[in-house]
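Order of writing sets the chain letters: A, B and C. Residues in each chain are counted from 1.
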Amino acid sequence: MSDVAISLRGVHKSFGRTQIIRGVDLDIPRGQRHAMIGPNGAGKTTLFNLISGRFSLTSGTIALNGRSIDGLAPHEINRLGLSRSFQITSIFPRLTVFENIRCGLLWARGYRYSFWHLLGGQRALNEEADRLIEQLNLQDRRNVPAGLLSYAEQRALEVGITVAGGAEIVLLDEPTAGMSHSETEYAVALIRAVTEGKTLLIVEHDMSVVFGLADVITVLVYGEVIASDVPARIRGDKAVQEAYLGTEAA
Amino acid sequence: MEVFLVSLLNGLVYGMLLFMLASGLTLILSMMGVLNFAHASAYMLGAYFAFTISQYIGFWPALVLAPLLCGAIGAAIEMYGLRRVHRNGHIAELLFTFGLALIIEKVVQMTWGLIPVPYRIPAGLDFPLFTVYGTQFPAYRAFMLLISALMFGAIWLGLTRTRIGLVIQAALHHPEMVGALGHNVPRVFTTVFAAGTALAGLAGVIGGNYHVTEPAMAFTMGPIVFVVVVFGGLGSLTGCFIASLLMGLIQTFAVVLDYSVADLLKWFGLTVTSATPFHEVLTVPLPRIGALLPYVLLVLILVFKPRGLMGTRDT
Amino acid sequence: MSADATQRAPQGRTLVAAPGSAGLARRAWPWLVAIVAALLLPWLFFDWSTRRHSGFALTMLSEIGLMAIFALSFNMQMGQAGLLSFGHAILFGLGGYCAAHTMNAIKAGAMWLPVELVPLVGGLGGLLFGVLFGYVATKQRATAFAMITMGLGELVAACALMFMGFFGGEGGISTDRVTGTSLFGVSYSSSWQVYCLVVAWTAIAVLLMRLQTQTPLGRMANATRDNFERAQFVGYDPRMVRFCQFALSGFFAGIGGGLYAIVYEIVTFDTVAAAKSATALLAAYIGGAGGFFGPFLGTIVVVLLQSGVSLLSNAWLLYVGVLFIIMVMYAPGGLVGIIAQHAPIARAGRLRELIVPYVRILLPGAFSVFGFVLLVELASFTTIGAAQGKAFKIGPHAVDPATAFPWLLGAAALIGGGLWLRLEARGFRARWDALIADAKAKGVML
């Protein structure tokens, strides 16, 4: 088993004639908390989409735990142990909170496309789902259709579904976007708790979250990595300050 | 050779008629995402309106008035019906037009009766234009070609030379962007929907007396037009044009070529007897399954090349 | 937290998830009541003087049963998985053809099978074709899927007319259910016996479909419908989910087809035609595609309109079409959705305050409906009915459509009723909003 959870080599991505990612090389070791920052349009979400299989590579390779993901469908990549959240909340709005989490567990617990297991009687599964809901502090909303939750609750639920299956590599795309200060604090604590021991790749704009959470920060500008280092050195990096942080970084 | 030429001409005529119908549907589907089940109903209404107007005033006024009536009905449907249903999603819009098609068919039955109406080719156009290898080519078919060519030209000019035409072209490929740019998208939608419906009505005016005018014509013509639209691809009128002609030619030639798969197998020295499995399927002659071919094509293309011949977007 | 907790479905109905024996009894009784009611229903139409059942009532009730299975199987695709199919009837009809051929084979002595299990053969036929066609159709989703199913539907319907071997061409396949192979020694020569078989199979099929919604596949079908991308990122291939759901729905549709073959003893091309597919769509949508039992309710409405109204009028499809469009525009949740919207008000205990407002809108509504029906019937009669040599009658009174009076009466009722309805609707809306606001305040919305 490779030590490198995610490996990007010479990754290019163009849409028609527009180049979005212009050659990215990156290694994320297992267990690292890695943040990706950069101005809007830098290609952070595109990179996420490439790693998670939503888009296909124009050129280059991406490997998960040493295994190339070229040509794999998103669900196949997920089964290799990678899970992601989305910038725009992506949950199952007509299912209850409980059912949302339970769906996140089904494949990982081996249920496949079974049409003969009655879920009501699956004690272990249901208990695990309830434990995760408690961890998310959503037990009061357990039987509420997810579409009716507040924004912050939905974001929490999204993180919950993302980690429910026990994926070793977790990608979070702007998990605290649109949250208030207290909600953000709560979300960060939640993320830290549920991704304990896992490899985390997170895109964020909130610098306090980034500097508080990340082991390593990569700065992406115009589809290229201009710096990738520990937070202290990133903060002082001239190029990064020019491109993104400004000279008044907190 | 004679058969080939005659079939070619007939296929072209039918193909152009299909294009008149399919172009409106492609525009509506590409721009608004609505699969308009009632489109073929507009075709039927055009034929019936023309029939009634011809009876009282004459064919030539009908040629102008019937499509206008259809267009007005289309505008009303869009403004009072579709717009309201739009917020419930594309499926709801589809179901709405489906229900409309059912109702229109029933209303037509109630107003004009169950049996076909005698909507005939006007006397002024009912003569053979020229003879091809001993078979007469009726002037009316040339007239149909003329009208569809004129209409095609008008669409092309309208789309490329007018401002609203440019907006429509943009909306064909990127509907959301057009709204974001500040154009009055609802008005554009109503215009396109009304224009598409009027076109279908015009097709009905000239097609209704070529084929039979009866209440079932919407549900027999409808699916074929869908096939053409899917085949040609979303967002491309050129693709729609090619697909229409192709479909017209395929259906016309299929009726003429009296061969079956068994005949093909005979070429390879394999004989099909009544004991061979699937004997019925192998011996059925092409003309009998001519009606099936569009659907076979539809399924094949959706499975292998869902964007159609020249489509620029997914459905 | 134990798995014993009650779960609420999005419609606000309570499902009990407990597998204990007490829970089982509690869940079973509505089903038992329904089955008993279904068996008692034909006795309302029993002719005590001749000691005979009403053949019409039994046939119509049987039709409701098998069409309900059909509509519910359709909703496995539309409501559960978000797949709108325009060709679902091909699974129903092909199951019917398989069943018919099976019964003919039993009669000819070529095989032995209890006639009670013939619907199962229909189901297996439906499953087979569900797998075959589903493999092709589920490669796409949304509009492309709808169009593939439409193409497949037209294909199969055209084949059914053309080929004699399996489909019997235009004449169809005739069969005889009195095969003498019953498990219980029943001959099935009477409509009552057939009806009992239909009730039994309907109960089994509906129960199985209901249970299927509580399985991993059923839940993931819902999930894929809601958000196929998220379904991918919990490890499921949305295509495979669609495919499995499609094939299973074919199994149940085929059971319906098998029952059709038993009830009518003939299967023709109209069992695979677009009109049949449309019936399932209409029934499912009018009843309500969101919940589970909606399509059952919708089937009752559609079959009643079809069987009952078609006796009196040519225009039943127009009424269904208008009802359908009104639902699409104003009540996309169907009849079940409308009922469910009242749940919060009922929980707040103020349902009775809607009685007067309802009367106030139903009255003008009834006027409009009367006017509409009158006009439609007059028009229909003028073009179709007269040619058929019938006379226009409302009850015992003969009405002459050539005079202006009935037309004016109909128009007046429709327009007048409509305007009055608009007036009352405003007041109703205000009262409704107030009651909902109250329910929200009391926290009983869910």
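Definition applied: contacts are C-beta pairs under 8 Å (C-beta built on N, C-alpha and C of every residue); 3 or more make two chains touch, one makes a residue touch a chain.
Note that the structure is predicted; figures quoted are calculated from it, not measured.
Closest to the protein's overall CA centre, chain by chain, comes C.
Among the remaining chains, B is positioned farthest from chain A, on the basis of C-alpha centroids. Centre-to-centre spacing of chain B and chain C amounts to 32 Å, using the average Cα coordinate of each chain. If each chain is reduced to the centroid of its CA atoms, chain A and chain C end up 43 Å from each other.
Averaged C-alpha coordinates give centres for chain A and chain B that are 48 Å from one another.
Touching chain A in their complex are the following residues of chain C: 1-3, 5-8, 10, 17-19, 211-212, 214-220, 222-223, 225-227, 229-238, 240-241, 244, 248, 446. Listed in rising order, the residues of chain C touching chain B in the complex are 84, 136, 139-140, 142-144, 146-148, 150-152, 154-155, 158-159, 162-165, 274, 278, 281, 285, 314-315, 317-318, 320-322, 324-325, 328-329, 332, 376, 379-380, 382-384, 387. Within the complex formed with chain C, the residues of chain B that make contact are 33, 35, 81, 84-85, 88, 90-92, 94-96, 98-100, 102-103, 106-107, 109-114, 219, 223, 226-227, 230, 279-281, 284, 288-289, 291-292, 295-296, 298-299, 302-303, 306, 314-315.
Looking at the complex, you find that chain A touches chain C at residues 52, 54, 73-76, 78-79, 83-84, 86, 90-96, 98-99, 102-104, 106-108, 111-123, 126-127, 130, 134, 139, 142-145, 148, 161-162, 164-165.
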